[in-house]
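Note that the chains are named A, B, C and D in the order they appear, and that numbering of residues resets to 1 at the start of each chain.
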Amino acid sequence: MSARWHAHEGVRTWVALSPALLLVGVLFGGAVVMALLRSIGLLGIGEGGPSLAAYRQLVTDPGFARSLGLTLYVAVVSTSLSVVLGIGAALLLRRLGAGRRFATTMFQLNLPVPHVIGAVAILALVGQSGLLSRLGAQTGLLDEPAAFPAITFDPWAIAVILQYLWKEVPFIGIVALAILAAGGDDLEEAARTLGASAWQRLRHVTLPLLLPGVLSAAVIVFAFTFGTFEVPLLLGPSAPTVLPVLAHRRYTDVDLAARPEAMAISVVITVVVVLVVLLGAAGARRAIRGDAAVTEAGG
Amino acid sequence: MTDIHLDGLTRRFGDVLALDDLHLDVAGGSITALLGPSGCGKTTALQLVAGLLRPTSGRVRFGDRDVTEVAAERRGAVMVFQDHRLFPYLTAGDNVAFGLRMRGVARRERRRTAAAALERVGLEGLAGRRPAELSSGQRQRVALARALVLEPEVLLLDEPLANLDAHLRAGMRELILDLQRDRELTMVVVTHDQEEAVVLAGDIALLFDGRLHQHGAPRTFFERPATARTARFFGTTNLVPGHRSGRQVRTPLGVLHVPDGAPGSGADGTPDHGSDSIPGAGAVWVLVRPERLRVDRGDTDHPRVTGRVLHSTYLGTRTRAEVEVAGVRLTVDASDDALADAGPGTSLTLVLPPAALWTVPRADDDGQWLPAPHPATSTAGTAEPT
Amino acid sequence: MPPLTRALLLLSAALVVTACAAADAGDAGTLPDTSRWDEVLAEAEGATLDLHMWGGSTEINRFVDEVYGPRLAELGITLRRVPLADTADAVNAVLGELEAGRSSDGSIDVIWINGENHATMRQAEALHTGWAESLPNAALVDWRDPAVAFDAGIPVEGAESPWGSAQFQFVYDTARTDAAELPASYAQLADWIRDNPGRFTYPAPPAFHGTRFLTQWLYELSGGAEAWVDGFDEDAYEAAAARLFALLEELRPHLWRDGATYPNDIADLDRLFANGEVDMTFTQLPAGIGANVEAGTLPDSARPFVLDTGTIGDHHYLGIPVNAAEPAAAMVLADLVLDPDLQTAKLDPANGWGDGLAIDVGRLADHDRAAIDALTAGFGDLALPPERLAAVRLPDAPPELTDALDRDWERVVRQQRPRS
Amino acid sequence: MTVVTPAATDAARPAPRPATGGPGATSRPVALAVVLLLALLLLPFVPLVLASFAQGYFYPQVLPERWSLRAWQVVLAPDGATWAALRDTVTIAVSVAVLSLVVAVPAGRVLGTRRFRGRRAVELVLLTPVLVPAIAVAIGLHVVLLRLGLAGGIPGVVLVHLVPATPYVVLLTAGVFANAELELEQQARSLGASWWQAQRHVTWRLVAPGLAVAGLFGFLVSWGQYVLTLVVGGGRVVTLPILLFATASGGDTAITAATALFHALPALVLLVLTSRILGGGALTTFGGAR
């Protein structure tokens, strides 16, 4: 192979990649740069030069700290519960004999449904005057709406987490099913003949097999639950609220000085998410690309 | 050493009868091969022995212990699979130590035993490698080590060599035989390759369509096949149609004398299921192995036949030729120069040593194996007795 | 203002500052002369009019499409109604275009606007001025009424043509609350809240109804609306605000959900009220809650009421951006909506809206006036009589006051931080 | 995210062999647990459906006292805002799907089949827009588009939707190419097919279903976008999410419920459709289109 061919090969590679990188780079990169610049007071209304006033303001503002805490709590709880319940659901569905294909299709029916709709539906279900509360009233268990536990707009953001579970448990479940479908049964059988009990098979075969793929899917879930705006706005608590809602609230604040602060919050959201991504980066890419590690086992 | 007893083992999947009433005994410390074409139920049988499947009916006994209801993980039968099934997220060493870990053996002890096992299969020093970094041959040997390290009562191999390249297979067979002799394991090997069955197993059980067709020592399958189907499966290509009465068989090649011994009975006389209905006479196939036929050099009084050579192929150590005699095609394997020089069309006389002849029952319509006689030269399909 | 309320108010100053610098010397589109109205009609013929308005109420949207659409079509104008989740989106779009140098042929011809959005656009000089009072139907409007001449304390100066009027009213449920117990002032409301723990709340500012609810409370604590008519006084505000927020803190445990959280907007409050989680909600419709009851968003037993100490009444207007592509057609619409028969139709809840009049009843011809009187008589007790509303109407507060209220509420009530 | 075609795996396994339990039958507790799981997932749709057919559906009514088709008549009104919103939403989503595929196929092929220095870095760069929250990006993007004069129109919205959609589509396409047996291309060439014929008759047939899924994924990411559409669309672009939020702030629960169901329906139809295209019952994961 002449060197020229290799060079040619390399060039062709980067030419093929350029449209995607250009589009994502210019648009997304431009947006992030804009947000960064405005968070230090440039391009915005402030005449003064770049200043970290907005960030200093955030650090001193207890409201910000509480919001950050709440957002982390919501994202971590939603993600970990989604992983546990998702894997549980996958293991359950896998043991279904007849009707497994139908059940799995129904299981992921709400995946394409946008979150906004999920929020409206969950509010209508678990709000204090929602369907469940009304059933309580009809059966005499509850005498007034306030008797129903307040899990919407509540400090623990339970309705928000419920909505995320409603969408993300099927997502993790499907990823787990995909990984196990590519050789999970065979390895468990091999383990059985090697004397592994049901519990040992789960701990030493099924879970290790699922780990890389599910971990990367979990990163995606964390990034979403940490950064989304519509669901906590419709279902979540108002004080403290999650960072995205806080960022929006500061953003539309009458006081113009709040705008760099809003940008700073957006930057913080971005930084936290990118950090988590770097943590699970390898797994995330593999999960999305679908060639989970287990395929080598089949070879 | 544990012997295995399978009593009337049957397994049905919906309306598919995968295994039908299998009765088989495997002596402790011996190797039995379950042989047959794909879909004949041999893998299902193995899984039933391993406990990975529950039988629809029938019992599985290890020695005097009835293990039919015992779960695979407590049955003491380890299985090595065709696709090696190593745990991709564990190193080779950890894979081998897996079974020990399940038994709660301490880490240092496990590591030491695993290293020894790897060395035993010729993979010392590769304990740290991931399965993805090993060749298919190495992976299969790790799988073997993983099973042996548990010193199982029973070792079950499901087409262990099917995925390996030809040159690797011979080495692996030696390794398996060596390991088995070393630990006097009771071993059952499933394979579709009769050569592998003959080399590995002291005893072969031939299955067709979920039923046991013939069971016995490898030689009987070559020399004393019970039925034409067994013969064909084992590659005895010369089948001459004929009618037998007593020890004489009228065939298109003339009257042939066959040695004593009821047709289809195993050399060591073990009763065979497939052939209990054979009377001493009637429609039979006369079988003669190509390598037992010889070119006539006028130095014997054995029966001789003369035919025309259709074509011949040089196989290095010997030559294979196809000779048509009275409408019947015979394949001859010999290292005789005369054969090597015989071009197509030349006339050739072959010797039929009586000891090499054997008869198996022939159903009236069972002529499908016979290659359609060449229209131009053949006389009637099956020659009238002369 | 619903979520993303003033999402793009953000860009106002930033864009305006850069836009003015960048845009070439303001040759924003000039307005046709309204004195020769037939020429305006001619110029408007064949135009496509982009009307940007809050799209949250399907009834209002249907009213605009089905009533104004055909009448404009008769004049050769195609109405294109663009629904907004928040009027600030349109404000931002105009300011964005100006900032990007597009000072003419803009994408928006006319905006349904009032209050802060009006203030923002006037601050950015983004609205045509001086045209509203010269429309043919402007004669029907009482431009001397401060509620018309001033929009949230800022003089209209012909930059906005009134479309309708509204007045803040409370709503209660006769099935749950006895009319006699109703409070007549904010002081009595505070007592009512203490007596009915968990049964009252208000939308969180900067939601429109929340801000207005607190503004009226501030009026009562600072000696009435008169104190603010001639502009914003920082010290007077500080004094009154201190008393207001102290009171709100004291009342907090008695509110719905112990005052830990507040509904996002009037829609959430309506839902809480309709489902019996709280006992009061608000409305702005002079024609009362007939339309809401008919649409099933409020129970049949709901009734409006006002406090003797007064509630804020104001007008909502139509404004024409400086870079409007079809200013003539925009003026035709502004004039059209003031036709007496269309104002009456807008007042009638059966048509889905029930919005107050922008025109002065006194200036109408007898038959128009009779039609309106007959209509209001038919409202029954689902609406308050116009006289009752007029008697307690207070002017809107200057934007500085409402902005200060919003900011303080966020810090004190939402974030529980002491007022700086 | 992972392209799953269990139909293929089921077919690959000769005899049906559930891991445990009797041959083929499902043990009772497992079936019961699955039914409960599915019920829980479908439960939230119940109050929406009830509310959408009700008039004055207040607490404590469980079944509406007054049934009414008013909400659905308004939502489905022929010249109503809903159909216009649906038209725009579909136009945008389809253009996003197509454009993202056009950009993704070359990049995906390279990422899926070739090892080259910097591959990991490229993937990470492509991954971040998917993960960074829309609110943080929306504001910055709007100013960028304003500078480009594209704000406030459907083209601008399509462009901005490409940011969260393209990465998913590229990475999914990479997965498709990684799993496709591209050696068949050489096989075709050896059978005399030209480069172009090989692409058209072999490669395309191999990757088409997978690309359909990737494209559909781009469609669904755009389909559910709210913040980006609102901020960049400047209120002038009314997609279904925008309409849903506008009606939600309008307070009429019946119309909000009907609009929500109207918005959810097409996505569900697409799910069933694609599972049919890709071979009976094949499941495609949409990774929870945001």
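In this section, a contact is a pair of C-beta atoms (placed from the backbone, for glycine too) under 8 Å apart; a residue touches a chain by one contact, two chains touch by 3 or more.
Predicted model, so just to flag it, every value in this text is computed and none were measured.
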| By CA centroid distance, what chain is farthest from subunit A? | B
| request: Could you tell me which two chains share the largest number of C-beta contact pairs? | output: A-D
| note | Per-chain Cα centroid nearest the overall protein Cα centroid belongs to chain D
| message | On a C-alpha centroid basis, what's the spacing between subunit B and subunit D, in Å? | response | 54
| request: Round to the nearest whole Å and give the separation of the Cα centres of subunit B and subunit C. | output: 92
| request: Could you please state the distance in Å, as a whole number, between where the Cα atoms of subunit A are centred and where those of subunit C are centred? | output: 39
| query | Taking each residue of subunit C in turn, which ones touch at least two of the other chains? | reply | 3-4, 7, 10, 271, 275-277
| subunit B: which residues touch two or more other chains? | none
| remark: Residue ranges of subunit D touching at least 2 other chains are 16-17, 24, 58-60, 139, 245, 248, 253
| request: Can you check the complex and tell me which residues of subunit D touch subunit A? | output: 1-4, 6-7, 9-10, 13, 16-21, 24-27, 30-31, 33-34, 37-38, 41-48, 50-51, 58-62, 102-104, 106-107, 109-112, 114, 116, 120, 122-141, 143-144, 159-160, 162-163, 166-168, 170-172, 174-176, 178-179, 220, 223-224, 226-227, 241, 244-245, 248, 253, 256-257, 260-261, 263-264, 267-268, 270-272, 275, 281, 283, 285-290
| query | In their complex, what parts of subunit B are in touch with subunit A? | reply | 50-52, 71-74, 77-79, 81, 83, 85-90, 98-99, 101-103, 131-132, 146-147, 150, 156
| note | Listed in rising order, subunit C residues that touch subunit A in their complex are 3-7, 9-10, 13-14, 17, 88, 116, 198, 204, 206, 257, 260-262, 264, 271-272, 275-277, 403, 406-407, 410, 413-417
| request: Write out the stretch or stretches of subunit A touching subunit D in their complex. | output: 10, 13, 15-17, 19-21, 23-25, 27-28, 30-35, 38, 43, 89, 92-99, 101-118, 120-122, 124-125, 129-131, 133-135, 137-138, 145, 166-171, 174-175, 177-179, 181-182, 185, 188, 213, 217, 219-221, 223-224, 226-230, 234, 244, 247-248, 251, 262-263, 266-267, 269-270, 273-274, 277, 281, 284-285, 287-292
| note | Interface with subunit D, subunit C side, in the complex: residues 2-4, 7-8, 10, 15, 52, 55-58, 61-62, 65, 82-86, 89-90, 92-93, 96-97, 99-100, 102, 107-108, 265-268, 270-271, 274-277, 295-297, 299-300
